[in-house]
Amino acid sequence: MQIFVNGETRQVPPDCNVAQLLAEMRLADKRCALEVNREIVPRSAYATWVLQNTDQVEIIHAVGGG
Amino acid sequence: MSALPSTEPHHADPLIIAGKRYTSRLLVGTGKYRDLEETRRAVEASGAEIVTVAIRRTNIGQNAGEPNLLDVLPPERYTILPNTAGCYTAEDAIRTCRLARELLDGHDLVKLEVLGDQKTLFPDIPATLKAAEILVKEGFKVMVYTTDDPLIAKRLEELGCVAVMPLAAPIGSGLGIRNPYNIRLIVENAKVPILVDAGVGTASDAAIAMELGCDGVLMNTAIAAARNPVLMASAMNKAVQAGREAYLAGRMPRKLYGSASSPIEGSFF
Amino acid sequence: MSALPSTEPHHADPLIIAGKRYTSRLLVGTGKYRDLEETRRAVEASGAEIVTVAIRRTNIGQNAGEPNLLDVLPPERYTILPNTAGCYTAEDAIRTCRLARELLDGHDLVKLEVLGDQKTLFPDIPATLKAAEILVKEGFKVMVYTTDDPLIAKRLEELGCVAVMPLAAPIGSGLGIRNPYNIRLIVENAKVPILVDAGVGTASDAAIAMELGCDGVLMNTAIAAARNPVLMASAMNKAVQAGREAYLAGRMPRKLYGSASSPIEGSFF
Amino acid sequence: MQIFVNGETRQVPPDCNVAQLLAEMRLADKRCALEVNREIVPRSAYATWVLQNTDQVEIIHAVGGG
Amino acid sequence: MSALPSTEPHHADPLIIAGKRYTSRLLVGTGKYRDLEETRRAVEASGAEIVTVAIRRTNIGQNAGEPNLLDVLPPERYTILPNTAGCYTAEDAIRTCRLARELLDGHDLVKLEVLGDQKTLFPDIPATLKAAEILVKEGFKVMVYTTDDPLIAKRLEELGCVAVMPLAAPIGSGLGIRNPYNIRLIVENAKVPILVDAGVGTASDAAIAMELGCDGVLMNTAIAAARNPVLMASAMNKAVQAGREAYLAGRMPRKLYGSASSPIEGSFF
Amino acid sequence: MSALPSTEPHHADPLIIAGKRYTSRLLVGTGKYRDLEETRRAVEASGAEIVTVAIRRTNIGQNAGEPNLLDVLPPERYTILPNTAGCYTAEDAIRTCRLARELLDGHDLVKLEVLGDQKTLFPDIPATLKAAEILVKEGFKVMVYTTDDPLIAKRLEELGCVAVMPLAAPIGSGLGIRNPYNIRLIVENAKVPILVDAGVGTASDAAIAMELGCDGVLMNTAIAAARNPVLMASAMNKAVQAGREAYLAGRMPRKLYGSASSPIEGSFF
Amino acid sequence: MQIFVNGETRQVPPDCNVAQLLAEMRLADKRCALEVNREIVPRSAYATWVLQNTDQVEIIHAVGGG
Amino acid sequence: MQIFVNGETRQVPPDCNVAQLLAEMRLADKRCALEVNREIVPRSAYATWVLQNTDQVEIIHAVGGG
């Protein structure tokens, strides 16, 4: 199934949840936050939030800025 | 000297934002540095306790294993101030703040800026007012970037912002305080901390801001774009303290003519 | 941070006058204080190593048993810089320097000022040139007070003065640096230390002088006439260091328009 | 015999020397310097320098100034 | 010289507001004068063609038989610009404009100011935006008083105002142009005439405004509160022309060092 | 209005130098122009009555039949002010003045400048004092170029100079009045006309000089190096009059806060 | 009947119209504009606009201001 | 015989006077002033002032300057 992560298309297995996506992207242990279709997914819900086809996922973190 | 307030201005004279006490009145940004190590050393030399960061997609500045900004600036040590840099609408700014709060486990202190123009990076005042109102309602502690319009500054305070941060000059311009008169008016009328945000270029600019009665200064480019950022960070650290102490000490009155420092009496010549 | 020059500017960056190294670039006067104790505390807070004193008859400010200025500012700890304050002729200034040298057991560092006008306390340049020439011939190490005329400053250097000290504004006026352009010209052309003497009013003035490239600042009234002289002395101490470090760090270039501190790429909005 | 000290007239005994004058003025142990008739008297000569009638003596010290 | 633009700047270089051509770039207020005769003479000496007036109840400044302001400043000779001085809400300002239009037989050029604060007389920007939008819809030609915020100035232009008039400094303060940088930004981005309104104190202030590229200057107190208002009016008349001509002539580049005006070659010495 | 000084400042308010009355307070140089025709038109547009010229060998700028500078600026119409531009010693300046007097059939008004440095073109004060003394003794009417040192200015007056002309900034720099404070001090103490000479860059600079109380302004590069010299000459003509009238009119006092121009009473809203 | 003119109470005869009010106030030939109860009365309607009891009338003109 | 005029060498006939020199240089009717060996020659003396071998002559006029 295809989703969009940070504006890029990405193939993920059906029933893939957010925790699995982050693990696969090697972001599981990184400090980041996540939106699916503009809705924030709390960290506590990562394991239970199942992604749907064409979901728009945004994963953000802190970078240098002023 | 250690007993003198003059040498321990911090403990004697804290900066209080949203109920939290800070000993440093210099807030710094984390952009435009050569690398994270330079960022770390400059922030350390600046003595800043509050550091502002931008919120961006993870696929930016994120190579496998590369340290993350928050690894070198741990939230346990620094108060992280996520900003809405680059947002040109109230909606984008609000969305950014919500993500930042999630990112920082509910930490709700944010720096709101809604830009109106890519050339000057001046704030869009109507959009800033709108975003500030919504964010305050959502429980954010809003430190807001604005122009030096004293009435807009007052309105932002009335909306519930925890600090108002007028620009000294355009972001990244280094032109110094273009209109000290307005900054002074803002300070006179404020009940929340007033911090000059943006436009400082060198140490004396920071000292002048503090001498005008500002509660603090936030800067990024003045340090990061100096030839020696770490040394400039140290300079700014001292300049902000110097300006604050001069403000508290009460400067001498200006005189149009000379006034001797040595006694006239007792001259033998 | 202790390895960084930014935090140890002194050892890394000494001020050298007449061959002697100083870690502080702030020189202070000792006039106009409430009492000797306030003088002592202000001088201490200023971090100054060179303090200037006036020469007067003993029946002035000398009650039996009352401590003497040099008791609270011992020459063993401070470099005493006797000045010719109040002298309106080359002769009086020279006579004062000779007496001061005798008073200080041959110590030959002096601050020469020959005033030309009681209202502005501006120096009398022809008389200053004459006195400087004679004093140098007599072996004095002359630190000379002058106007901000770059050519006169150069001539005084050529006469052998060990430091040239242009005024920022009239003595005791606190008007700050009236003509930064001339001060910059003087600094650019100098081979001896250039110190701004007189006219500084608050901390940012001192920082600006140092950012212009001056080697130091000498002040009295800005500290002594502040509401809290000891706290202002501390402010000046930090301001001079801040300005020096900013000068060494190399300030960012000024830009007419804004320049973002946060990256554009990676925006999710 | 009368001399002038710091602009004021003062009576001193004949053959009074500088050291005696300073002692009498309680300045012996003070840090000061001295001129007689515009000529500086070195500290080493205090005891041997005898004052003359109408001598103009200036005794100076350091005071606060800038 | 009569053929030179330099001596006939007017005909060569008209100010066009709402489609009407004016030869003078100085607009004047009519308040604070000793009497109507002084008002008349000052306005005449200023050379102004547009004069602004306030709208008030007839029982004020109206004794039977006493001449009316518009008797000494006949609308047939001057373009009368009614203003909304003293209005602190959009509603009051709109109501005032409607009455003014009736008073002047449908003449629809108005000066909009919505104040936000009695101490500084700064404009209330949100209320000003709201009033401007409504007045433009009702067919008024709106010349609008605003801050020096470049983005608000642009928005007012986009709303259809025929001229945007940023303040130089608070109304009646005479502090001159506090932030030339912002005024320049406003001028650079404008498609309608930009006039500095309020804050000018003396002739050079007006010249500076014009040298920044402003299309005109509106003032009242600088003339009315001068020791000799009629002479100051003449000074302002010339200063605005001088500044405009200097702007058109293109000033010399600034140089950091000297540059001789006389040839080196041909020296016989 | 024709009865008002405001419209006939000249006749009411002459500039008197060495006993001769002038209606214009703007003096202009004749260097750096494209050709003699541009020189003629610019001088005409400036309204100047006194024009300064350099003295050089005839084989310079002298082709057979080519018109001579004094053909386009006839001494019958203009007061010719020969200057000692380019002289670096008192001797050269004195020799130049003597030749100029011979050239102009005994006309003894001269502009003395003795330069001390090729980079800044600042005057050599000791040499200027020496040359001024000798020239006055020889019967010259000396208008002298000097720094903004108030005491040197006074000394030159005491030596018998008929006008003292402090620099605003280095010759040809166009930096404007670097130190208005000193210029004001010079004016306050002077009994002879004080003219700002050198450093003016644009019209407002000239107006500021006059508002400080100067009796006139001498300039060359600001006009000759403008994009349109003739138009800039007209601008300077008006700016000097504007500044003078503003000085005579007495500017309004500065206020820190706003002060309404329209009456509060009579508001119907 | 009583009306309010520029904030002050005023007695006028019944059926008094605006033109009559202005005439009585000696403002007929003055350049002014007029509101009744916040509604602008055009000059052309002065003669036909009849005032009612308690009407709020505002009569304004131009005064010096900046 | 050779003289120096404005720094350049020039041949002139013996007994040449200043007036003749100026005439030959086509400067007779020009507004200029003249020095011989640093001494100013008044206009009235041009016809009688005879130049000597190696004389240093300076002829100056007014040029544009500020």
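By written order: A, B, C, D, E, F, G and H. Residues from 1 in each chain.
We take it that contacts are C-beta pairs under 8 Å (C-beta built on N, C-alpha and C of every residue); 3 or more make two chains touch, one makes a residue touch a chain.
The model shown is predicted, which means the values in this text are computed figures rather than measured ones.
Engineer: Steps needed, at minimum, to get from chain D to chain E via touching chains?
Structural biologist: When the steps are counted carefully, the minimum from chain D to chain E is 2.
Engineer: Based on the averaged CA atom positions, which chain is farthest from chain G?
Structural biologist: Centroid comparison gives D as the farthest chain from chain G.
Engineer: Whole-Å distance, chain B centre to chain G centre, using C-alpha means?
Structural biologist: About 58 Å separates the centre of chain B from that of chain G.
Engineer: Mind checking the centre-to-centre distance between chain B and chain F? Centres are C-alpha means, answer in whole Å.
Structural biologist: Centres of chain B and chain F (C-alpha means) sit 47 Å apart.
Engineer: List, in ascending order, every residue of chain G touching at least 2 other chains.
Structural biologist: 6-7, 35, 58, 60, 63-66
Engineer: Identify all positions of chain B at which a residue touches two or more other chains, and write them in rising order.
Structural biologist: Within chain B, the residues that touch at least two other chains are 29, 31-32, 54-57, 59-61, 83, 85, 95, 120, 122, 171, 175, 181, 220-221, 224, 261-263, 266, 268.
Engineer: Using the touch definition up top, name the residues of chain E that touch chain F in the complex.
Structural biologist: 1, 4-7, 9, 29, 31-32, 41, 44-45, 54, 56-57, 59-61, 83, 85-87, 89, 91-92, 95-96, 118-122, 170-175, 201-204, 206-208, 211, 220-222, 224-239, 241-246, 248-269
Engineer: Name, in rising order, each residue of chain D that touches chain B in their complex.
Structural biologist: Residues 6-7, 35, 58, 60, 63-66 of chain D touch chain B in their complex.
Engineer: In the complex of these two chains, what residues of chain E are touching chain G?
Structural biologist: Its residues touching chain G are 28-33, 36, 39, 52-62, 64, 68-70, 80, 82-83, 85, 95, 98-100, 102-103, 171, 218-221, 224.
Engineer: Within the complex, which stretch of chain B touches chain D?
Structural biologist: It comes out as residues 261-263, 266, 268.
Engineer: Per the contact definition, I'd like the list of chain E residues that touch chain B in the complex.
Structural biologist: It is residues 116-117, 120, 122-126, 129, 147, 149-152, 154, 169, 175, 178-179, 181-182, 185 of chain E that touch chain B.
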